[in-house]
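Let me begin by handing over the structure; questions about it come next.
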Amino acid sequence: MLELPTIQDTMNDRRRINGPAEGTRPPVYASHLKSGGATDRAQRQREPTDLRKIFLKTGLIPSASGSSYLEFAPSSSLANARSNPKSLIPPSSALKLSCTVHGPKPLPRSAAFSPNLVLTTHVKYAPFAARKRKGHIRDASERDLGVHLETALRGAIIAERWPKSGIDLTITILEAEDDRWWADAPDLHDASWGMMNVLAGCITAASAAIADAHIDCLDLVSGGVAALVSDDSTEDSAAAPRLMLDADPAEHRSIMAACVVAYMPARDEITELWLKGESSKIALEKGDQRSAHEALIDGAVDAARGAHSVLSEAVRETMLRAVTPL
Amino acid sequence: MSSQRQASSAAQIPHLSPAELSYLYTSLSLPNSPIRPDGRSPTQFRPLSAETNILPGTNGSARIGFADGTQAIVGVKAEVEKTVLVSDTLDVQHEAQGTGNGEGGEGSSSAVTGGHGSWVQMSIEIPGFRDDDALPVFLSEMMRESLVGSVGVKDKSGEENMAGGLKGRLVINKRWHWRLYIDVLLLSQPLSYPLPLLSLTTHLALLSTKLPKLKSKGEEDPFFDDDWAVAEYIYPRVLGVSNTLQVRPPVTLLVISVGENVIFDPTREEIAVADAVLAISVTRDNEAGSLQPLKLLSIRTIDPPSRLTQPGIPNSENVNMLGAPAPNENVAVLNPATGEEEVPGVWRPRRGGVKRSVIAGMVKTVLKKGGVGEEVLAGLEGVEVS
Amino acid sequence: MTTPLPQVAIPGQCLGSASKYTAGPGTHIQQSNIYASIAGPVILDPAQPNTQTKSTLRVSRTIPAKPHLASTSKLKDRYNTLPAVNSIVLARVTRVQKRQATVSILVVLDEDSLDPAQTSDNDNIASILTSAANPENHSTTDELRFQALIRKEDVRAVEKDRVVMDEMFRVGDIVRGSVISLGDQSFYYITTSRNDLGVVMARSEGGNMMFPVSWKEMRDPITNASELRKVARPY
């Protein structure tokens, strides 16, 4: 069952016996396949507008000026599989990440004068975060995430209150989202959809950590994801793809388009928007006059509003722990 | 080091004084009739010269030069590579039937026809930046994602319809595929955010890209016709409706909003005062029954550099002006676009995000019939691809 | 307008109309309303009576410690603030040159602790310095602290041209200074040209803690040797 990976990379070190280049996965036994269980596709149990529960706590890392930890509740199929394991392979994954803020601190000596706060973000997957191992050096997708996150936060921070100083924001992703169901081959609409959920989580967690560090910001900015998915039931009939908030890519057959926003409810403004996929081809359900990309953005904003309620509660809770009840 | 980091997504912040920024913002945000420093209309692009097939050693290439002297060269190279089934893929039907013994999983998956996004590799070299700096990484991810995100049109007329888009075109058979390397070279330090230049050049290079004609059949190891004259374009030359090529690579447009105006192909100075910067990728939609001539592939916000600019100081707060009589008009008023209290003529760095209605307006200007997106694609079709 | 002020606020929370209050630190104005920009207790500073000014609304950065937990609480109760013009800082001398002394800022004293009703800061300097000096960065390297310069002409108010830097500061001294400028890309500028500013703690060449005897002299209690300093007036 385990296929032998072909070692393609000619740059490999031939003097040592290297491990497989592609990585391996735990075995799946034929008995499990016959009885189902291991190969049952995860199914979305939530309503299209229901979000996964979010656990968010701030102020966990004493040496940092601000910190937060965020976790998405595992989907029902994952929770089932954990309580009653039929296979060594989890059916899906749930996001877990931690975020630290260091500073404000002086800029490095070589830096030019800045009248504003200089924000630097580092997003790093732990090597064990995804099904495929990530290296210790940040790859293109991690740098890309860092830029998205920076855009989202720069719009929320009141940078002129902190001249000549910088903050470093570091996010470690302990468990990432899958891009698709683990047993699926990538299909036509394959893209790194899991990355969008990761970005939404990063934005919410970073916002909590910045509030924990008492950096001035306009509002608590939160991240939300919406996706247009076509599922098994609609595979044959030409039914309209459905709009799902907080879509877990492992639970859907095919994601046509997805959108992540960073949103500030107090101002009704978007600081970061990342939409991809062929959205304009998709007709929405009848009676919906919006174009598909507008529906996606609106859906993502709704998801962000949901995340914001968790975020504001977490920030308030941390503060109330410290403040004397008057 | 840090100045480079700041340049990550915001491109370079030009050294403009707060007074200059304020002047520029005011003239660009004039209702309905923005005045641009170079006299262009809001949707007008800078003049450029383009040529294709300039590099003999590539499968396809193009060069575009802007009038300000910045030039980009794109070379596309293709290599044949063995398809390795991703190790975490499981062919459920196959295994469940219990027939698949000893095949090792390779080539047994039915879904391989889709092609992989990772088969298209893009690298961008910009002078003054390391190739792992955020700007080149961000730019290449942005352009690659729209290239591989486009999945082509449904069956309508012929076979050469590029089902599966660029990814699908790279599949040779179940065991072999092409790997496409798109290498972008900017010849000088960019004078403005280089996205439009790079995107247009990549578009032309892909249009001129040819792959040698396959002579082998089916699942045998591939071999190719060595006559370059019969090589096939990767974007097939099938004319669709209105005598345009049926499938075209996507283009990514840079759009900014200043006040209530939407401005295309901004210069560096114009970006420096933008309220919001969006990169919008579109391609032609030739599917029957589509209302719009274009389809949207991706939108990304780009961090507007106006957030990092130096603020101006109103006379009322200026220590050097304490003795001077305070003019009456020096009163803060509410800026309708930002909701901030501002003294007219005094620059404040932008803060906050962008309203949904503004984004919708920007996308609409690109997508609508006869809009800017169509204009750009038509302009590119005018470039003769040899 | 009758809605009471919330006790605590989180960023983005609307606190009241800008026509009723003035926006203080920790808040910002948007669409004529005052919004909180940090999380913390909301404090209303009443306006001076008999003036036209509005009362000031601010969100405090310092969180009052719970009385019964004051000594045991491990929560951070101090948050770092940036040096601003006129803020009083404690800094350690890192380098003395002919025309200037380089110092690294340990603590920016906030307005609350400058309250004359409180005990003077000289009493708790030791506690400030022994507790993690700068709560935001536990690293003790000077690279991570804000650097500042005391120029020769900013050392004292009189006889500026007679100042000899070596007789004013030594490396390792703790200086109380007032920020006069945000300076250039790397240094703040600090002055000590007031009676209450200058060296507050210094060790002699023998390594003993010295006590001040005059505005320009400190003495080693063990060897009885005196050394020259620009001494801050003890309260």
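Per-chain residue numbering starts at 1, and chain names A, B and C are given in the order in which the chains are listed.
What we mean here is this: a contact is a pair of C-beta atoms (placed from the backbone, for glycine too) under 8 Å apart; a residue touches a chain by one contact, two chains touch by 3 or more.
For clarity, every value in this text was computed on a predicted model and none was experimentally measured.
*Asks:* Out of A-B and A-C, which chain pair has the most contact pairs?
*Replies:* If we tally the C-beta pairs in contact for A-B and A-C, the bigger total goes to A-B.
*Asks:* Could you tell me which chain's Cα centre is nearest to the average position of every protein Cα atom shown?
*Replies:* Located nearest the centre of all protein C-alpha atoms is chain A.
*Asks:* Could you tell me which chain lies farthest from chain A when each chain's centre is the average position of its Cα atoms?
*Replies:* C
*Asks:* With chain centres taken as the means of their Cα atoms, state the distance from chain B to chain C in Å.
*Replies:* 49
*Asks:* Between chain A and chain B, what's the gap in Å when you average each chain's C-alpha atoms?
*Replies:* 23
*Asks:* Could you state the distance in Å from the CA-based centre of chain A to that of chain C?
*Replies:* 41
*Asks:* If I count partner chains per residue in chain A, which residues reach a count of at least 2?
*Replies:* Answer for chain A, listing residues that touch two or more other chains: 107, 111-112, 114, 158, 218, 264, 267.
*Asks:* Where in chain C do residues touch two or more of the other chains?
*Replies:* Residues 30 of chain C touch two or more partner chains.
*Asks:* Which chain B residues touch at least two other chains?
*Replies:* 339
*Asks:* Contact residues on chain C for chain A in the complex?
*Replies:* 7-8, 10-14, 26, 28, 30, 35, 37-41, 61, 63-67, 74-77, 79-80, 82, 136-138, 143-147, 182, 184-186
*Asks:* Which part of chain A faces chain C closely enough to touch in the complex?
*Replies:* 62-63, 65, 102-107, 109, 111-114, 158, 161-165, 211-212, 214-220, 264-267, 312, 315-316, 318-324, 326
*Asks:* Which bits of chain B are touching chain A when the two form their complex?
*Replies:* 1-3, 5-6, 8-9, 81-82, 84-92, 95-96, 98, 104-106, 109-112, 114, 116-117, 132, 134, 137-138, 140-141, 145-146, 148-151, 164, 167-168, 278, 285, 287, 290, 292, 294-303, 307-308, 310-311, 339, 349, 351-356, 359-360, 363, 367
*Asks:* Where on chain A is chain B touching in the complex?
*Replies:* 1, 3-6, 8, 20, 22-25, 28, 30, 33-34, 39, 107-108, 110-112, 114-116, 118, 120, 131-132, 140-141, 143-144, 146-148, 150-151, 154-160, 166, 182-192, 218, 262-264, 267-281, 293-294, 297-298, 301
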